[in-house]
């Protein structure tokens, strides 16, 4: 019941934002949601005041607890720094509801519905608030993602026909024939690979990130891309472990190539947002590599990296070129450090665990993914230095942005020193 | 007894249906269709559904066909070519209809079997309508409402 | 005065306190033995846990004392050197941060903690090299240093991964006790030691990753003295010394280590012979001297390496600070061919610089003689060829040192700038360092008379022979691109990577992927275009289509064998 | 022969006549009437298998359909002055 409330709160908030048209209201709503989320996760016993209707289709796992807290805090951060109109914020809250839904869903049907529910507001965000050739970009975004959704739907229909149930628990206990597992694997790879995105399904991402307004980019990169890896962790790994294990070296090879591919492309990209977007592809691929190593440590590393990447990339996009005050350059540099995984940032823990997991499979994968860390440092430092020596833009960081940036960067470092919070 | 009536109603229904599509004058077509509907109502009686039969006559013969008649008389349909002109249209129509009949009968005759003769009385019908089918029933009221609004809008002169 | 220099004074005081702490720790270690201070349980995953603590033993306290001591002197010097810079406070902030990470590096009780310090000092090195951020080429140098260090760090971290997989831990205590049960020549051990050594080549500027160090001279001179001569670049030496328990069991890797060290020593010294920038000479000299230390480690001799590291820290810091004093006096000029005759204008700087130069060339009784002597002896036991090569490098060292001293301080003045002696806040640390550079050798007074005599005669010969060439005539034999590894790296690595980035970007991304995805779109829309003609708008036609479709559908279902 | 088959065959015949009418007549009012005939054929079959509820709903829908359809026809007639189906060629995007 509490989870139902959790999912409907942002929707009510969205309505309220549209009715009252007040920024303060939006911030208040997302603060309330953040507190509510924290309560649900930290003190589930306090929620006894809700009628105890048990909903087996919605439940919290440790992983989804981390993710819904991350989601609520990120949305709060985005709303606090957003300069966009109320329609945008309402869409943002709608996406938040859908994200909560995906993270809490325990049945395939709900998972799929909420999964799709993220697309519609996202599409309107691009169309309504994007820049440049936005309609084309929006349609490309939608088509790529719909192909993924279609693959997901096909897999879910297959699973339903074979188990006569939508519950994850029923799906996971079923053992499918080898050849079918391969097809399921391919379908799920397409579905989640497009969302993440993995090379070669990545071409929708840089344009979309560039086109969106800043808050939208933060949302897409910090939260929506995490759906892909969440799907891999929650659906793919428990469902087709054998097929994944059999084809592990192939998958890891493709992903490793993708990691290098994206890192090298990032060197050729120009423009702040496009570079960060492309580096983000490399990070996402590396995160997937950790999970696909199928070792407990690699998966752990992937989960840590979800948080790390989310914090890092959000901070980076928030730091798009501004007046080069000392504060701005400092905070941008710290975000860059978080992104290149310097020790004492949470990204380091994630990357180290991922590499450790990969090296348990083969040192080669660790080496290849490690090369991308070097390239990543190269790219990010070039980016930083370009900002450092570029001509001034007239826009200053506002107080709210400074607050949020300080919070994000401190989170990056605090979690780097005390990472046990995000280790399951 | 009922067999006799069955054949009578059937023959009249088929003949009047044919005359619906074959007469040139639309008024005759409407009148033939009314005859056909009466025959169908007779079939309903034969099958033990008197309420349906009554409703059928009221709705179709009483309301719908009058509406048709009204519209036809309202319009001055003198010089409308009533039949398609190309001869191969008729051939094609024949082929299509035979294909349709063939397909439908293949499907229906396979699955069609003796059913339990149910209660088609007024009481049973209304009970079902207000319990099991209460929601569709209410929805159809909304459908009517929207139809009324739609028709008023369409009929309004610009 | 205090108001202007508050940042420097506070920073120096902090480091001084740290220095006192290090002395106390040093004292305690030498009276009661090694001890540990636990810090935190960092993380634990799947049965593997990393706890972080500080380990004080003779090795780490030696490093600790040396780092904080030298750092304190350089902090004090910087108060004078940076007096006119607007961003002094930031400078001292970075410098203190560097000391923090360096202390973390040497005091951590596990390899991962060491790695934190290892990357942290790299970060500070980046920040300080690019400190004058208005100059884009300085920023490029900083980036180059960071990225090349990261290549080495990748080796380090891969080594840590293998270590984790082999021993299940990265704590020094556990690894060094478990390694005793590993058979010699174990492949994992070879891999670990080799990969860790890759890290060393990055951080300690060995072949093939040394080219960042000369560029790193873009930073302010105190930075070059502290980071790029005395402390950070010796982190690699510390690391190999710390894990000598591992290296002893991998003799093949030790051989590689030794020859890389020897080769680096040669390359560094040869390039230093032809440089015109005073700081570049010192930088290549540092590369060369680090090669000595690494060679010594490769020969299995830890103590001479550490000994040379300490004496090198003193005399090279002294030389850099002396060079800084010269540059400061010359108003920012770094080209030796524009100096000359400075011994009259800057007598104090000249005398301390001379002490450093003599120590670097290995002249008895200065410290460099003893430490280099120890290294040569150790290498002689391992490989005579390496020994003779290093003797040759020592001769080259003496030559370029003589060239530098003569060009800068002797001969006639070659520019209009009127040099002036630096203020006391800069010269006092110089004097302290000079005393240390001169006297530190007596800590280990193992004298061999042949060596002593031979060295004195050789040096006298070299200085005598080079005097006319450089002091009197100042022959301009500069060749700054001499043996440029950078050009090779640029042609072979950097350019291909950038080119492939552009190729992938334009060819794979745009042409292949976009066109494939777009091709599907074209296909569908083409299909749509052709189907559009069916959409004629005639109701009669639509009725026909409906009927035909239903008929086909029904017949299909009837015939289809379901 | 099963008596329900009689109704089935009768329904089929009436339905076919309806389809034929739709295809060969050009007056749109007659076409609409033929559609009604087809609906009734289906109704007949449904009653024969004892599903009176569906018949009831079909009648409702038929009534709605006819009223809206005739309103549309009246409107079209006002616009084009004819009810000849072959002249309506604008039903496309």
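By letter and in written order, the chains are A, B, C and D; residue numbering begins at 1 in each of them.
In the analysis below, a residue touches a chain if its C-beta (ideal position, glycine included) is under 8 Å from a C-beta of that chain, and two chains touch if they have at least 3 such contacts.
Treat the numbers as computed from the prediction; the structure is a model and nothing was measured.
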| item | value |
| --- | --- |
| Neighbouring chains common to chain A and chain D, by label | C |
| Result of counting contacting C-beta pairs for B-D and B-C, higher pair | B-D |
| Interchain centroid distance [CA atoms averaged], chain B/chain C, Å | 93 |
| Centroid distance [mean C-alpha coordinates] between chain B and chain A, Å | 58 |
| Chain B and chain D, separation of their C-alpha mean positions in angstrom | 7 |
| Whole-Å gap between the CA centroids of chain A and chain C | 36 |
| Multi-chain contact sites of chain D, meaning residues that touch two or more partners | 19, 23, 26, 86 |
| Contacts with 2+ other chains: residues of chain B | 84, 92, 96-97, 100, 104 |
| Residues of chain A engaged with two or more neighbouring chains | none |
| Chain pairs in mutual contact under the definition given at the outset | A-C, B-C, B-D, C-D |
| Chain B to chain D touching residues, read off their complex | 6, 10, 13-14, 17-18, 20-21, 26, 29-30, 33, 36-37, 40, 43-44, 47, 49, 52, 55-56, 59-60, 63-64, 67-68, 71-72, 74-75, 77, 80-84, 89-90, 92-94, 96-97, 100-101, 104-105, 108-109, 112, 114-118, 120, 125, 128-129, 133, 136, 140, 143-144, 147, 150-151, 154-155 |
| Chain B-touching residues of chain D, taken from the complex the two chains share | 2, 4-8, 10, 12-21, 23-27, 29-30, 32-34, 36-37, 40, 43-45, 47-50, 52-53, 55-57, 59-64, 66-68, 70-75, 77, 82-84, 86 |
| Of all residues in chain A, those that touch chain C in their complex | 143-144, 200, 203, 261, 264-269, 296-297, 300, 337, 342-344, 349, 352-353, 355-356, 359-360, 363, 366-367, 370-371, 373-375, 377-378, 381-382, 385, 388-389, 417-420, 423 |
| Residues of chain C touching chain D in the complex | 535-540, 542-544, 547 |
| Residues of chain C that touch chain A when the two form their complex | 40-46, 48, 112, 115-116, 119-120, 123, 126, 130, 133-134, 136, 139-140, 142-143, 146-147, 150-151, 154, 157-158, 160-162, 164-165, 191, 497-498, 500-502, 504-506, 508-509, 513-514, 517, 521 |
